[in-house]
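Here it is, the structure, as structure tokens.
Chain lettering (A, B, C and D) follows the sequence in which the chains are written, and residue indices restart at 1 in each chain.
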Amino acid sequence: MHKLTTLLLCIISTTAFAQTQEDHSHKLARSLKFPNVPGYKVMKCDLHMHTVFSDGSVWPDIRVAEALMDGLDAISLTEHLEYQPHKADIPHPDRNRSYELAIKEAKDHNLLIIRGSEITRKMPPGHNNAIFIEDANKMLVDDSVAVFREAKRQKAFTFWNHPMWMAQRPDGISTLTPMHKLLIKEKLLDGIEVVNDGSYSDEALQIALDNNLTIMGTSDVHKLIDWTFGVPQGGHRPITLVFAKEPTIEGIKEGLENRRTVAFFKDLLIGRDEYLIPLIKESLKITSAKYLPKTSVLELEIENLTSATFTLQNRSKYTFAENSDIITLKAGEKTKLQVKTKDKLSSIDLNFEVLNAIHSPNSHPAVTLQATSITQ
Amino acid sequence: MHKLTTLLLCIISTTAFAQTQEDHSHKLARSLKFPNVPGYKVMKCDLHMHTVFSDGSVWPDIRVAEALMDGLDAISLTEHLEYQPHKADIPHPDRNRSYELAIKEAKDHNLLIIRGSEITRKMPPGHNNAIFIEDANKMLVDDSVAVFREAKRQKAFTFWNHPMWMAQRPDGISTLTPMHKLLIKEKLLDGIEVVNDGSYSDEALQIALDNNLTIMGTSDVHKLIDWTFGVPQGGHRPITLVFAKEPTIEGIKEGLENRRTVAFFKDLLIGRDEYLIPLIKESLKITSAKYLPKTSVLELEIENLTSATFTLQNRSKYTFAENSDIITLKAGEKTKLQVKTKDKLSSIDLNFEVLNAIHSPNSHPAVTLQATSITQ
Amino acid sequence: MHKLTTLLLCIISTTAFAQTQEDHSHKLARSLKFPNVPGYKVMKCDLHMHTVFSDGSVWPDIRVAEALMDGLDAISLTEHLEYQPHKADIPHPDRNRSYELAIKEAKDHNLLIIRGSEITRKMPPGHNNAIFIEDANKMLVDDSVAVFREAKRQKAFTFWNHPMWMAQRPDGISTLTPMHKLLIKEKLLDGIEVVNDGSYSDEALQIALDNNLTIMGTSDVHKLIDWTFGVPQGGHRPITLVFAKEPTIEGIKEGLENRRTVAFFKDLLIGRDEYLIPLIKESLKITSAKYLPKTSVLELEIENLTSATFTLQNRSKYTFAENSDIITLKAGEKTKLQVKTKDKLSSIDLNFEVLNAIHSPNSHPAVTLQATSITQ
Amino acid sequence: MHKLTTLLLCIISTTAFAQTQEDHSHKLARSLKFPNVPGYKVMKCDLHMHTVFSDGSVWPDIRVAEALMDGLDAISLTEHLEYQPHKADIPHPDRNRSYELAIKEAKDHNLLIIRGSEITRKMPPGHNNAIFIEDANKMLVDDSVAVFREAKRQKAFTFWNHPMWMAQRPDGISTLTPMHKLLIKEKLLDGIEVVNDGSYSDEALQIALDNNLTIMGTSDVHKLIDWTFGVPQGGHRPITLVFAKEPTIEGIKEGLENRRTVAFFKDLLIGRDEYLIPLIKESLKITSAKYLPKTSVLELEIENLTSATFTLQNRSKYTFAENSDIITLKAGEKTKLQVKTKDKLSSIDLNFEVLNAIHSPNSHPAVTLQATSITQ
């Protein structure tokens, strides 16, 4: 009886203590920023990560805190189903546990938690994530194809993880195995990671394009986001931008299923033109356009509304007064561009190749920035 | 059988995968630095912290990694004995488990892991740590005095945690209870935290001095060192500098038992004169002493070999050519000081009050910096 | 004729060219900030500097630009009367020329230009400035006392420059010569530099106090403010804060004549209590005062409205929950201070010694920060 | 007599005073760096700038100090011959005066001072520099062609300044006038500024290529290098890299006359392939080449030895494990590049387009980086 009281008091006070620790991390302006596009909410998602409930090094609360600091809209804690190195310490039979703890942690925040699991096999099919599942426990299925069928029975969205992973692909080059071809053919596999952790794969992108798979970028973080991606030094985790009709879990799922994604990795934006182009158009805004006094040189001010620094290559007939054909538009900043138009124009179309955007291997999309209502 | 092979492969490869994640944290020059003093190794110790094995948010490997980045010599994972909020997930009955995982993680590194536990009670006696214990499981003793006797039976060093903790002390003022007096009298309590997390207590320091307790400073970290102490913004965790005859666990224990400590918190050094003074003398070195040409103004170059920025107040008869009586010597830097000596001296004693050192509440030690072999 | 046209065109276009050079300097938030005090405008003045019109290295326009960047209210270009090393190139006989060019340059800005000259003699009387003069040319008087009489005839304010200058004082120690005593006695010398360039002098401060001279701090810049004072690295030039009834040249003069100044050098504020204390009181504002929930620990938020980082030493009976007796309030920032009041108070007086303020050698003023309307 | 002594003393002491001002600027690691290439010293030159001796705002000593901080090998103070806005104050009839003062200032330093003048006319021929002249005074010739003949009589190297200057070219587009064609035809004009201050001109580059003119880049600084080019914020002045057989004034002249230059502006390197390619090859060095264990992924470490950040576009058949086809090699840093070679190679040729190098408008040179002796 006496002991019970003691412990009860301890529980209350120790919890309070942990919470009063000052958190300096909010001082960093690290929140990732991308604009919405017409018709879609652009949802910032990291859909592959780990905690102590598989082979990660943190409790789920840290993953939630990291996501909030990074300004994400949704995460999924995709613990390995078959790989449980902490099992001696965390023998919990319920594979949904990590999800449940994260849901609780995030309850007062604007962060969606998506239930997911990593199907962890040798190659083929290697590692694959199933997200939006109903019950992770039912995913413990031996057969490597059958587990995908179970995922689909649960209406999951599935994607192939790090197909370029050198531990399973010593040449680092993603190629489809017969089993992957089967999974795709039977609509059991929906997406593919083109970016995982610190790796980008041109070959994975080609597979996505050739097979109509969803282009994914994930952190696959095991330790700390800050350490792995050098956040205090200006780095960021890879994420998937999902173009959702509604800012909900269902909206993200529908977007993923319909291939409406762009992966964000370092300064790169990787996706299909139909999503890349509108995203770029909303990302770069001409905020001022006026001729320099007594000249036919047009000065534009272009605002980059994103966390990606853009590198543009001039594909117009015009030349610039202060730049070569390569233009850098720093993340979150306004940049001035002086265009020699020879005659004074009332509107102008500037064509660029967007070098930090990729729509197929070694190939970059073209965009037109248009200035109207130019001050003469 | 087939499954076994699959899983085995997964274990190997997934582990490899986790380890190849790039770690950017080493780019920070965050390693804490203090010199040794004659007769003693100055051991940088954080002897109070938590992991998922009590109410912390990380696996022990993160605590080891943080300590290595901070350049510590020793840590103790002092999980709460009686407070186990993760028990539903981590029901492991062995209270030594956190220690064992840390030992394994640190095996290839120059970091000592000290076995310890936090005795977690309501006030009195509040929370207390027992470190250098033999078996944490045997510390699960109901009676609040008996548990200290068990600690001592195991030859532990014990200290009172955050005696100024507002959850147990609403006025924030540390005072000894009858139970604490008893523990001290019976030599069951050896030390007291004068610094815990973000708090410093003048009253706790006075208790240490009045009762010959070891002066302790600890992080008591629950989440991440980087976030709690703003490391990327230049902050650091509190530590205890232990003056050890040998750089071993036994050496640290002997040093703690003999009260040979200085707590380091922000830029403050808190301790008894007999350890503070030699530490300060080794910390500040005159690296050059010469008269400015054609003058009787002596220019000294003083190197601060520590991670603490020093603030000195002039207590000599001399005045300075570029400073008032308050001198700042930045952490890790060399600073020039021009002293007006009127006559040319061949040696000089400069007396200072060290404002960032504390030997009793509101009181700062005096040191003399001596320059000999002055270039005329 | 033809040539005339050519040259005329060149003049117009070349001027335009020089002005279109982009200036990146405004990106630095370097403007010096101090609040006004009841009854007075606190005017930021640098009243000792040089251009190519004596031994400086810049045209007057640079001095104006530097002052605007530093947010000064007034400057004086005090060219050496007798020392004209550029005379071979700039033989202009009018010693007011530098002033006139500066006036023209500053005409569209909120910067007062004060006419002044440096009387440049060997010791005694060394170098002295006369400002608010009517005509520098009439200051070319041989006799070292007579030139002060001429200055006074012009209603000038005069001050002794760098009395600690090692070129004239090999011991770096300011002392009054008989000639200085005479000048003071006859009211021909009004002020004394306690700070000049990188030097501060306790002895000069004592002379100011003993002889009722105005306390001055000046840059005495010859090359570039940015280089000499490390502005990009966070440094600043020394200035004199003049407590003026009106923000005009006349107001500054009246303030100087009545000894109403504080010198600002590095983080130091040097002056008489009657001006230091009100300045400090306006500089440090308690912006929030509330008890931490369920405690008797009062959390204050103190805003430092100045460009000087303050170092306060606690002289109250209270202790703090996160600090020793030494408190640092960073320039321009808000700092939290947790005060252990034991009982809940409705108002509190906190007494501090202000270590970065100096009212006499090695002595610091006391201030009381008062919090009323405390949230319980 | 007495006065003479006084003044003499003042001269000595005041000079000493000016020189003891502390200079913080050396703390900036701003020195521009480029490697030599086989057969040539790469000399860093700024051959167009102004002081108070025409329409600049500083004495020549500041230009020398700025050049030393920037690590330049040679400068020319090219005062306007015909535009002398400070004439009322600086009536010095000798147009070589600025040069002579700079020579004196630089005498103990490793900085070459080249005698030069700016021929300052309306368009045509606009502004042109003549450097390596013998006597600026003799350049005061009315006729705009005759002045070039005089320059050539003095064996000068001449170049057309800012042909894109909007004050003389309202469309900002450089075109040759009949007079320029004549000057070129008669070998009176040798070079053309492709970069001036903050401007780059594709059209000027085309003129240089079409007419075999030397490609020049200059600061044309009037106020301060630090302010105009944002040096504390990481900017730098434009310079011309001259490929000289000897590191002498004669060597620079011979290099300029034989068109051996590359202009450096922001991160751009603008020049002819025969100089650009060797420069790039010496600038980027593969310092390590080894296969990642158990893979066919080759990890290269590439060191960028210059002050220009390189942007490379992959033109090989290989793909990279962590990068798209666009690679950034930061100024002065080592960068790792993982190349998927499929088979293990003993040597490799990597082809890149160098986007920050320009050999003709909108066109970038190709380079091959070769790794031999690869660790398997």
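The criterion applied here is as follows: a residue touches a chain if its C-beta (ideal position, glycine included) is under 8 Å from a C-beta of that chain, and two chains touch if they have at least 3 such contacts.
All values derive from a computational prediction rather than experimental measurement.
Note on connectivity: the fewest steps through touching chains from subunit B to subunit D is 2. For the pair subunit A and subunit B, the distance between C-alpha centroids works out to 40 Å.
Per-chain CA centroids place subunit A at a distance of 53 Å from subunit C.
Separation between the centroids of subunit A and subunit D, computed from CA atoms only, is 42 Å. Residue positions of subunit D with contacts to 2 or more other chains are 166, 198. In terms of which chains touch, the assembly is arranged as a closed ring, every chain touching its two neighbours and no others.
Under the contact rule defined at the top, the touching pairs of chains are A-B, A-D, B-C, C-D.
On subunit A, the positions that touch subunit B within their shared complex are 2-3, 5-7, 9-11, 13-18, 20-25, 27-28, 52-53, 55-59, 61-62, 65, 80, 82-83, 85-86, 88-92, 97, 101, 120-122, 127, 142, 162, 165, 167-168, 197-198, 220-224, 226-230, 232-233, 235. Of all residues in subunit B, only 164, 166, 170-173, 198-203, 268, 270, 292, 294-297, 311, 313-314, 319-326, 338, 340, 342, 355-356, 358, 361-362 touch subunit C in the complex they form.
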